[in-house]
Structures are given as C-alpha cells and as structure tokens.
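The following pair of complexes shares a single chain, subunit A, combined with subunit B in the former and subunit C in the latter.
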Partner chain A sequence: MAQEASSSTSSKTISLKTGDGEIFEIEASAAKQMKTVQRLIDDLGDDITIPLHNVFSKELPKIIEYYKKDITGEITKDFEAEFVKDLNDDEVKVLFLAANYLDANKLFEFLSQNIADRLESKSVEYVRKYFGVENDFTPEEESKLREERAWSFRGIKEDE
Partner chain B sequence: MLSELTDDIILNILWKIEDDPRDWARLSCVSTKLNSLIHDFCWKNKTSLIIPSQLLVSSSQDHSLHKLPFCCPGLVHAGILFNTADSPEENQHQQSITSSSSTPSCSLVQQSNECSTYWSLYDDLYHDTLYADSESNHQQEQEESKENTIRTGVVDVPPESKKIKVNGSLSSHLATGKWTLSREQGSKLLARQFRDDCLYVCDWPGCVHLEEKRKYRVFRGVFMNFKKTRVWKTVNDCSNRRKIDLPCAFCSCNHTWDLHSAFCLRRGFGYHDDGEPVVRAFVCDNGHVSGAWTDVPMYT
Partner chain C sequence: MSITVMEAEEQEGHPHMAMFMVLGHLPLYEILTMSNVCKSLLDEINSDVLLWHRLIVESPLNSRLTDETLLKITSKANGRLKTLALMNCIHITDQGLLRVVEQNPYIKELHIPACTSITPEGILKVVEALCERSNCLTNLSINGIYNIQKEHYHMLALNLRKNLTLEYEQTPPPFYHHIQFEHNVLASNLRLDYEEKMQQPVYYHKRGSVSSFKQGENRRIIDLEICPKCVEVRMVYDCPKVDCCKRKECRGCIFCIPRCENCGGCVGSDEPEEGACGDILCLECWLQVPKCNFCNKPYCMQHTDWWCTSTDSSLLCRVCDENSHGYTYTDVL
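So, the complex of A and B:
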C-alpha cells in the first residue's frame, strides 16, 4: 500500500478544480504539459484536487481537449484550424490568458499566433478595443505618428 | 487585457505579425506601450537584418530609418508629378501643387482642384494607373512574383468633380520589390566625383509603377552622414534655385534638393522626348533620397 515517489502512470488522472468550483479530470501526462499544474502537483501531490483559481469552467474543457490531442500526437493543422474556428475574439483572449496562467506552452504559442492572425490588417481602433487599451497619446503625438505612418494606412482592408 | 500581459508576451504576439510592415507601423499608433515595444524591439531587430550595419550605426534609429526599406515614396515624392519647368505660370502651378503639407493624400486633392485650369501630369497619371508587382518579398506573393504578374489598380476620376482619389501608387505606400538597401545601388546613381559619398539605395528594380506614358522604377535611399558628404556641400553651395517645395517622404523636411539639376547624378542619362529626365532623384536635408529610373529611350 506504500506510495512510490513518482507513482504517476500514463493512465493516472489528475483532478482540477476551476475558479468557479467545477472539477475536471485530466490525464497525468497531459497535466505535465501545463507547468503551473505540474508545479502544484509536485507541491501538493497527485491525489489531491488541484485548485486553479484563475481558470474557469468555460475554458478549461477546451484546454483539456487540446492536450488530450497533444499527448496522442494528433495535433494537426486541421485540428488547430477547427479548434479556433468558432471562437470569437473574446473567447480566444480568455483561452490565451488561461494558457498563460497554466504555463501551457504549446497552446500558448498556438493562440499567440491566432491572435496575431486576427490582428493583421486591422485598424488602430480595432486593436485598441481588442486589447482594452486607451489611447494615451496627446493629440499632437498621435497626429505626428499618423502622419509619419500615413503610408501604412493605405491598402488595408476594412475591419469586419 | 494588455495590462495583464508582460512585455515578453506582447512581443511574442508582435513578432508573429511581421510579414507586412504596415501592421507594425499602424500598431505603433495604438498606445505608447505598443509604440515603444515596436520601436525598441521589433523595428530595431528587423532593420538590423536588412540595413547595412555601417549605416545603422551612424544613423539615429527613428521611424524615418525604420520606414525607409519598406516605404515607396510614390510618384509624388519621387518628383514625377512635379512640374520642373521654369515658366512663371508653371512655377505658380508647381508651388501650389507641392506646397502641400507632408500628408499629400488630402491636400493634393484640394491643390489639384485649384490647378484644374493647367495641364499637368495629374491628368495623364490619374487614369489607368497600373501598379506593377515584380520581385516582391511578400510571403503570400512569392508564387506570383515568379511569374512577374501585374496588379492592376485603377484610379477613378469622375471628370465632373475632379475629385481625385489619391491611391497608394501616388503618395507613399508599401514598396514592392526588395526591401534591402545597398551601397552598390547608390553608387550607380552618383556622378564620379561623389564616389566617396555613401548612398544606400533599395535594391533593383525598386517599386515599379506602370504609368500611361512610361514605366517608373521608384527608389528610395539615404546618405550615410549626409552633412559630411560632397553632395551636401554641392547642393548647399548652389543657390536656392535647386531647392524645391517637394516634401520628403521619410521625414518632416518640407523641401528637397534636385540632384539632377545639381549635377550630382551620373552623366549621360539624358531626357525623353517630352523633356522628362531618364533618372531623377531628390534629397532632403537629412539625406533621404527619393527618385525614379525610367527606361533609356531607344531612339534619341
């Protein structure tokens, strides 16, 4: 009955509890891909339910879905395209922040690329709205910047 | 959301938007944070890969230098739309056309309306402007560039209103062709006595513009340490006759020097039948050069 030091086998699952109190199961090998989770496992042991205060039940299943595919080596371009296809900008942002918090590098890189793709050719106002930033230039500064960059405002497709 | 992200994370996203230089240029208008990240990291890194290091080291790393490899000055700043004749009416014409501010897009519309009684190159050029896209560096256009396909952009000019849509090919815009600069290209331009001046020009053929009359290979470049060059001494010593009200495409200089009439360009290029020079180039006080090559006339 003695526990071995590293008793995680590939079939072992870890329990994760979201910030809004829901519990999800994940394979131990998938949990390993999320460094934050792995650190918590190392600290708390793998028999305990790992609390993830900053991740919620809306996004965690999606993250688990991604890593389920990852551990079986099934992540393809098609899968990734499908994964984000129906996500709106806010949903991508939430997933991105969660991946950042979980230190889930592969998903984080993939979502960074997806955000970059969504920002390409977009207007200044769109990007401000997306990142939730205010225009903190003085009117003179902004006018000068836009004048210097007038060349870059030409030939750009309109925001959807 | 931005405030929750570290600089590294923001940069990670920004690096992934580097294919089209216009994105970084516009993103730097979003906020002071994005502006400083893009300036200090993105542009600095990108230009270190395409601008020769001697030029980088001797220049101030401002947006003018960052924009030079990627930004075609357009027909406006390359002086192609500039009437260089010396008659009083035409002087007045050229004053009113080019004394526009450094944002030619709106002001040119107004100016050309005022000048509608004069014949000008505008009338020819605003119709059926073709924008050639050869040897492009754009990733998405790599297949096309092998076949040298031509992108057609027609500028609509409703004749009754004379409201002219100044599209990308007339004022400054993203350059087609190569985004690298070389001294070799610059040295092809200058007369022999200026061979010690370092002029870096974009690699051949520049940004090709197919106009009704002829093809212009619009180029841009910059002198290293301009105020120490012989070209500077030459244009500066000449009377103000050579200085024209043609704003620089790359900085806030409102006037430039005509290198052709200052005899700084290599001899023998000659003129076309209609009086246009085969090569023209203009330099501002900061050493930014805009100009265009045309094909040497077959029958002279």
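So, the complex of A and C:
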C-alpha cells in the first residue's frame, strides 16, 4: 500500500495485536517511537492491525502509557519514578525486553537504568537467576576470577 | 521466568543480548558482579572499551579502592576515560588521581566528593592538567574535600573558564555566532547547556549524597559556590518556596540558611521542628507527616524506614521504641 509522506497525522490511531490476541490502540505519533512497529506499518500499511507476537497484554498497556506521556512531552523524573514504583524486578525485566523488541529507545534506556539501579549490591547468584543465565565457569576459572577481584572483597586489609 | 519475549533464536542459559545494554549503567561493583556471572558477560565486559569510558565507584568499593587499583581499572579505557566518579573513595590520593588524569587527558566529568585523602592543591593540579585543552572538563564535584579555601575556588573557576563553555559567560552575543560557525551544533548545544546549568536551581532536599552517583543529571560546572552570606566555599542552595519573601536572595549554605529536609524551603529561626532523626522540618511539612505516638516527633523523608510499630500497631520512633522495652508490664499498669 502506497504510504503518503504525511499519512501519519497526529490524530490517526494504529491497532496493535498482542501475542495473546488482545488489541490495543495507539496514536500514530506514539507508534513512530517504536521502530519495530513503525517498520511493520511501513510494510503492512497503517490500516491493518499490527501483530506483535512477542509482546503480551500484560505489558503493552504500560508501554502505551509511557509513550502517551512522551508525545505530550510530559515525561519527568517524577513520572518515571512513579511508572516503575510498584513494579517488581521481574515485571521491569519483561517491560525491558518488550521495549527492546519494539525498538522503543527512550523507554529502553530508562528501563536499562532502572534495572541497573535494582541490581545494586545484588549477588552473582541473584543476577544469574534474574537473567536466567547458567554458570559456565569451571571451578578453576572461578577461583582465578576471585583472585583478581580479591581487592574488592570485604575484610581485605586496608592500607592504614 | 517469564518467556514472553524470549526470541526463538535465544540460547537457553545465555544472557539475552539486551542485558548487555544494562552494563553501561552500572557502577564498578555491579560490573564486577556481572563479570562473574558467565563467560559471555565476562568477555563482553573485558572487550567493550566503551564501557570503561565511564567509571563509577561507590559503596562498598569506595573504602577498598587504592591508587594502584584505580590506575589499573582506568587503563581499560585506553586513554579515553570521559566520566570518573569516585564517591567517598577515602584512599585515593592526589598522586593517584593525577596519574589517572595524565593517562586520560580527555576527562569531561570529574566527581570526587568526600575523597578525603585528596587535597585542594591536588585538585588544582588535576584541573589545570585537564583544562590545558579547551572544552575538556565540564563538570567538577568536590563537596566534602577538606580545607577548600576561597583562593582554591577562584583558581579552579579561573581554570574552568579557559574551557569553552565558560567563555560564553563573558563573550557578547556576536561572538557566539562566530563560535557557532566554527563549531556548529556543538557550540549552540554547549551554550544552551551552560546557560541552563548556571540557572539550574540547587535544592537542599534534592541534594543526594556523596555515597551514590546520580547519573544523567543536569549539573553545575562546579558543585560548590561561595556562600553569599558567610563567604565560605560551600554547597549553596536555592529556595523552592514560591512565596519566599526574598526568593532570589534566599540563597546560602546550610549553615547560613537552615532548610527543611522534606521540601528544601528555608526555615526561619523561630520555626524549625526537629524530627526524631535530628533533622529539621519546616512547620508546613511537620504538620503533614506522621508522628510518633509517644514523643510526637516525625521522621524526615530520608528516614521513614526508621519507623517502628508498637504492640497496638501505632507508630513509634526508634528512640521511644527502645525506651519502651525498658518498661515492665507492671509499670504500664
């Protein structure tokens, strides 16, 4: 379908369908901020419901809420703090990965920082569980790493 | 673990590529943790030079970092270190910092609050070295360093003035255009940045701490100022009270103008209300916050996690809670 250069006026809405079959509407200007969505619009046209296989009805409304604020220029530090205040670490991770899939840069950057903040002082084990990552170091490799990091552990003699 | 957004090609047990993007937001301690998680993260951390262009050292490493270790870590930046934040790193000395700066002459942001082994003379040497090139050091945080005198402050400001951004303060508009031709977008961005930064109010209740580095904030060129009231080199705060009688003049260090912990507003000499934590609140804030059932004192915003609950679920401050354990049942009767 031929796209007019100015076809995405601010009043136009785009339909998005989540992986679990629910449909949400967003403004075309918000869709522009999600590069994956915009690419799909460019390929499929803006009259068709855009399928998002990897995003689900739990997280998409939150993402839409963020970009609704973004297009009115109302995103402040306070808004961002409120936005993540009641989310647990796993919920933030799901949003983060969804923002990555959607190529929604501003939200992605913000959530990266938020995850980084949540990882403060967390243990290696916690991080492994959180990211779903397996330990592929051999015991020898691990003890070598520990040696290199020795200075950073508690109880190291501090030069008085 | 939720698999809603795992892509089909994702390998089990390996970190999603998006996770690597979090690395750039982490302070050193957490980067070291991540490097112990798995091989691909270790490889990424060791090979990504860009990651090491910014180094943030906070608790718990602040008391363990030595000059030697600092030099070793900063060498990973291959001379391109841009942001160095050493928060309360008490063992870093003038020499240690200078060596890092000699190897990394393009540092733009230097935050060394409460690095108590560093002296004002040491800072001067470092800043002079960094300001040899124009448009180099754009942010300096030195609150908490001992013995900074007005003379030091003036020398620092002088050096930073050689810096391109500060030139805008003194050059008239036509010169801005001239510079814009030379430096295009960079110059106009810098000018706007600079003006914004110098007009940025600094509020007491948003002052943060010397123990954690807040990223991405609009900062002043130097965090300290000369207090208009006592003429000492201190953190100077603005008044957020809209109806403060002398708003523009209500600027001073915390010793000259006591401020409320919750709202940052000035607290007159007859007004201060003390919280159970010892911090002061203005009357308005005091009225709005919950109080201890025994002594009627509140906690300020920073200490709300100090509240205890008594046996009848009412709020108790820590002091009264401790005291209450001294009561026996018969005393209560």
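We adopt the following convention: the second predicted complex is superposed on the first by the 148 of 160 C-alpha atoms of A that agree within 3 Å, B and C clash if a C-alpha of one lies under 4 Å from a C-alpha of the other, contacts with A are read in each partner's own complex, and residues count from 1 in each chain.
Here is the rule we use: a contact is a pair of C-beta atoms (placed from the backbone, for glycine too) under 8 Å apart; a residue touches a chain by one contact, two chains touch by 3 or more.
From a predicted model like this one, the values you see are computed outputs, not experimental measurements.
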Does the subunit A-based superposition show subunit B and subunit C clashing or fitting?
clash
Identify the partner contact of A:113: answer first if only subunit B is touched, second if only subunit C is, both if each is, neither if none is.
both
Tell me the contact category for A:54 with respect to subunit B and subunit C: first, second, both or neither.
second
Considering only touches as defined above, state whether A:19 meets subunit B (first), subunit C (second), both or neither.
second
So, does A:124 touch the first partner subunit B, the second partner subunit C, both, or neither?
both
For A:76, select first, second, both or neither according to whether it touches subunit B, subunit C, the two together, or no partner.
neither
Quick check for you: in the superposed arrangement, does A:105 touch first (subunit B), second (subunit C), both or neither?
neither
Figure out whether A:147 sits in contact with subunit B (first) or subunit C (second), or with both, or with neither.
first
Which listed stretch of subunit B (91-99, 109-117, 145-153 or 253-261) steric-clashes with subunit C in the superposition?
145-153
On subunit A, what residues does subunit B touch that subunit C touches as well?
93, 97, 100, 112-113, 115-117, 119-121, 123-124, 127-128, 131-137, 142, 145, 149, 151-154, 156
Which part of subunit B faces subunit A closely enough to touch in the complex?
1-5, 9, 12-14, 16-17, 19-23, 25-35, 63-64, 67, 71-72, 102-103, 105, 167-168, 171-174, 249
For the subunit C and subunit A complex, residues of the former touching the latter:
1-2, 4-7, 12-16, 18-19, 21-22, 24-27, 29-30, 32-39, 41-42, 60-61, 63-66, 69, 91, 215-216
Seen from subunit A, its contact residues with subunit C in the complex are 19, 54-56, 58-59, 90, 93-94, 96-98, 100-101, 108, 112-113, 115-117, 119-124, 127-128, 131-137, 142, 145, 149, 151-154, 156, 158-159
Contact footprint of subunit B on subunit A as seen in their complex
93, 97, 100, 109, 112-113, 115-117, 119-121, 123-124, 127-128, 130-137, 142, 145-156
